[in-house]
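Have a look at the structure below, then the notes.
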Amino acid sequence: MSEVVSDVVPKVVERAAALLRQIRARNPRVHCITNTVAQAFTANALLAAGATPSVTTSPEEIGGFVAGADGLLVNLGTLDRERREAIGIALDAAGSRLPWVLDPVFVERSPPRLEFARSLIARSPAVIRLNAAELTALSGEKASVECARSFASRNGTIVALTGEVDVVTDGSRLVNLHNGDALMSKVTAMGCAGSAFVASALVVERDRWLATAAAMTVFGLAGELAAESSDGPGSLAFAILDTLHGMTPDTVVEDAWVEA
Amino acid sequence: MSEVVSDVVPKVVERAAALLRQIRARNPRVHCITNTVAQAFTANALLAAGATPSVTTSPEEIGGFVAGADGLLVNLGTLDRERREAIGIALDAAGSRLPWVLDPVFVERSPPRLEFARSLIARSPAVIRLNAAELTALSGEKASVECARSFASRNGTIVALTGEVDVVTDGSRLVNLHNGDALMSKVTAMGCAGSAFVASALVVERDRWLATAAAMTVFGLAGELAAESSDGPGSLAFAILDTLHGMTPDTVVEDAWVEA
Amino acid sequence: MSEVVSDVVPKVVERAAALLRQIRARNPRVHCITNTVAQAFTANALLAAGATPSVTTSPEEIGGFVAGADGLLVNLGTLDRERREAIGIALDAAGSRLPWVLDPVFVERSPPRLEFARSLIARSPAVIRLNAAELTALSGEKASVECARSFASRNGTIVALTGEVDVVTDGSRLVNLHNGDALMSKVTAMGCAGSAFVASALVVERDRWLATAAAMTVFGLAGELAAESSDGPGSLAFAILDTLHGMTPDTVVEDAWVEA
């Protein structure tokens, strides 16, 4: 077991270190169906990381955008009628070609959103990124590392469970990611932007678990480094964009904190 | 009269000084029905102040969000069909449990918005926060301190009239708030975020007039302090978030400028 | 020919130098029908430049807003049903009184958007601001300076073709604008905000070609100067607002880089 563990950690760090360079080189188009609050910050995070975002939720248009996209995010914030309709069309257009990320924001607050999220999980998202309250609502049991693991296995997906320590698991493989800063929770759309970044990582790495773990490592580290030079959540919001834009592989190798 | 006055000012300052600490401790959920321009900045201002925002305007979902909220803002910017419907549902869900803040943005520009705002005032907002043009349109007389006072009395509400000096009155009590900076008017959604902050103050202080005066003092002071260290409206937009996040009671006591 | 050229360049620079002062003095109301991602940044750019933005896309309200506006932007991002309907009403309300700017964002990605954009060009926008991919889609030929020139002539409009060097032409007059910075393309809504700024320039300068060339010069220069003091796209996003707010005529005269 320790050999396996000692394999996993350097692999995630190595993958994380190369990630931004590869995204910049590929410049993937990532279509983001996301909430109205998060659209601008999410688009800026993807641009800073080297991807090209699009965000329309118009049912008339989304098919064309998804057909030309390399990645897809489905975030359930501000889930209005148009977004519900757009999500269905987008998933039809994505088919099995595009792996997609589900971010079930605030499902614990709204019964119709919870029901809709369950119907989406049946459509096989590659990754579900959520916090403890959201996992509790979706799984019907108190969120924990074991709950994340079994939820991932049961649904054939990757679960990225965020919190003080982030957990990324496909049911068998599992890492704990310690990078990040508490101040990140004081900036709206920070998690939503992180989910979009995971969607861009899926374009350049076929191993979905590895892509997710690498992307979560890079994003957490970018927030952590940005927080160090910030006076509060306002300056963190722009500093993380600068950091994503300028971050080098060496920084990732030096400062990534990944545990199996 | 001077004894009354000398009572009122220190009471507002004292309440303002304690406000951020109390909001941080309580971490109230504040649901904001607000315009599409203001959503992200408003959410960031509430997070910086220690509250938790939600902003959906989906009629299917808003009932659940308001049922779980501690505070409610109704801002009339970008007033589309969905927002009109959502506002009605939200006020039904709020009932008499949740005091709510009305921000009748740009009612002087749009006759249907003005009519809708009047129908909302009949549903007893706890606070109406507006500028002179908006008060003139709603009251039918030229905005003034006396107009604000009589409008508050007539409608059984608190009026927060913004301008170079802000006035907060319940019809009998009245204070003039001098904190703030002209540069704040060059940042979109600054006033909208201020109204959301008032909604969060109503959660921790039952005296609605006092809550409003305290919140307007803190927000104006945060803008004033942030403007001092800003090179323009762009840097002010993030600096006010840093300031709200870090401001201490001592700063409020030292720099609040309240007059009866 | 060289005399004509030597006339044109100083005229654009002189007009650019005076532009911000005139916008600040006039404080025009500019109504922006723009995508959900761009609304806040666009509003902040107009406020920083001295204009007053409004952004509603509600069909019930937009007529009133456009009737009271001095300028109008029609940006086709996130083109949902409401926006399509609102654009028709807005153009009816604008009539021949208001020159308007068309920004056909991402028309190459969505066939219905391309068709809608063509129907709008038939309604005589004063200016069309677009990039090479958008011009290629709309004109049906590979984008080039000559293509921009003939497209402008054919449609009786000004074309502002953006790229490493921006080209502004009415079919006969043409300038190349070299100000700007590659980092600007890493901030979402930067181009959308630039188009809104062109709409505000049309209010203070009746020669539409000159207004467009001057506005594009100022906006590109603001981005270039802001980029010099930025650590990345996050800080550029606020620094360009500070720069627009504080830029003086002398700076424009010294640093504008215009070629015929």
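Labels for the chains are A, B and C, by order of writing; each one numbers its residues from 1.
Heads up, the rule we're going with is that contacts are C-beta pairs under 8 Å (C-beta built on N, C-alpha and C of every residue); 3 or more make two chains touch, one makes a residue touch a chain.
Worth saying up front: this structure is predicted, and the values here are computed from it rather than measured.
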Query = Looking at where subunit B touches subunit C, is over half of the residue numbers used by both copies, so same, or under half, so different?
reply = different
Ask   = Nearest 5 degrees, what's the C-alpha rotation angle taking subunit A to subunit C?
value = 120
Cα-centroid distance, subunit B relative to subunit C, in whole angstrom = 34
Request  = Among the residues of subunit B, pick out those that touch two or more other chains and give their numbers.
outcome  = 36, 40, 237-238
Note = Given the complex, residues on subunit A that touch subunit C span 36, 39-40, 43-44, 47-48, 53-58, 60-61, 64-65, 68, 82, 237-246
Message = Looking at the complex, which residues from subunit A come into contact with subunit B?
response = 35-38, 40-41, 77-81, 106, 109-113, 185-189, 230-235, 237-238
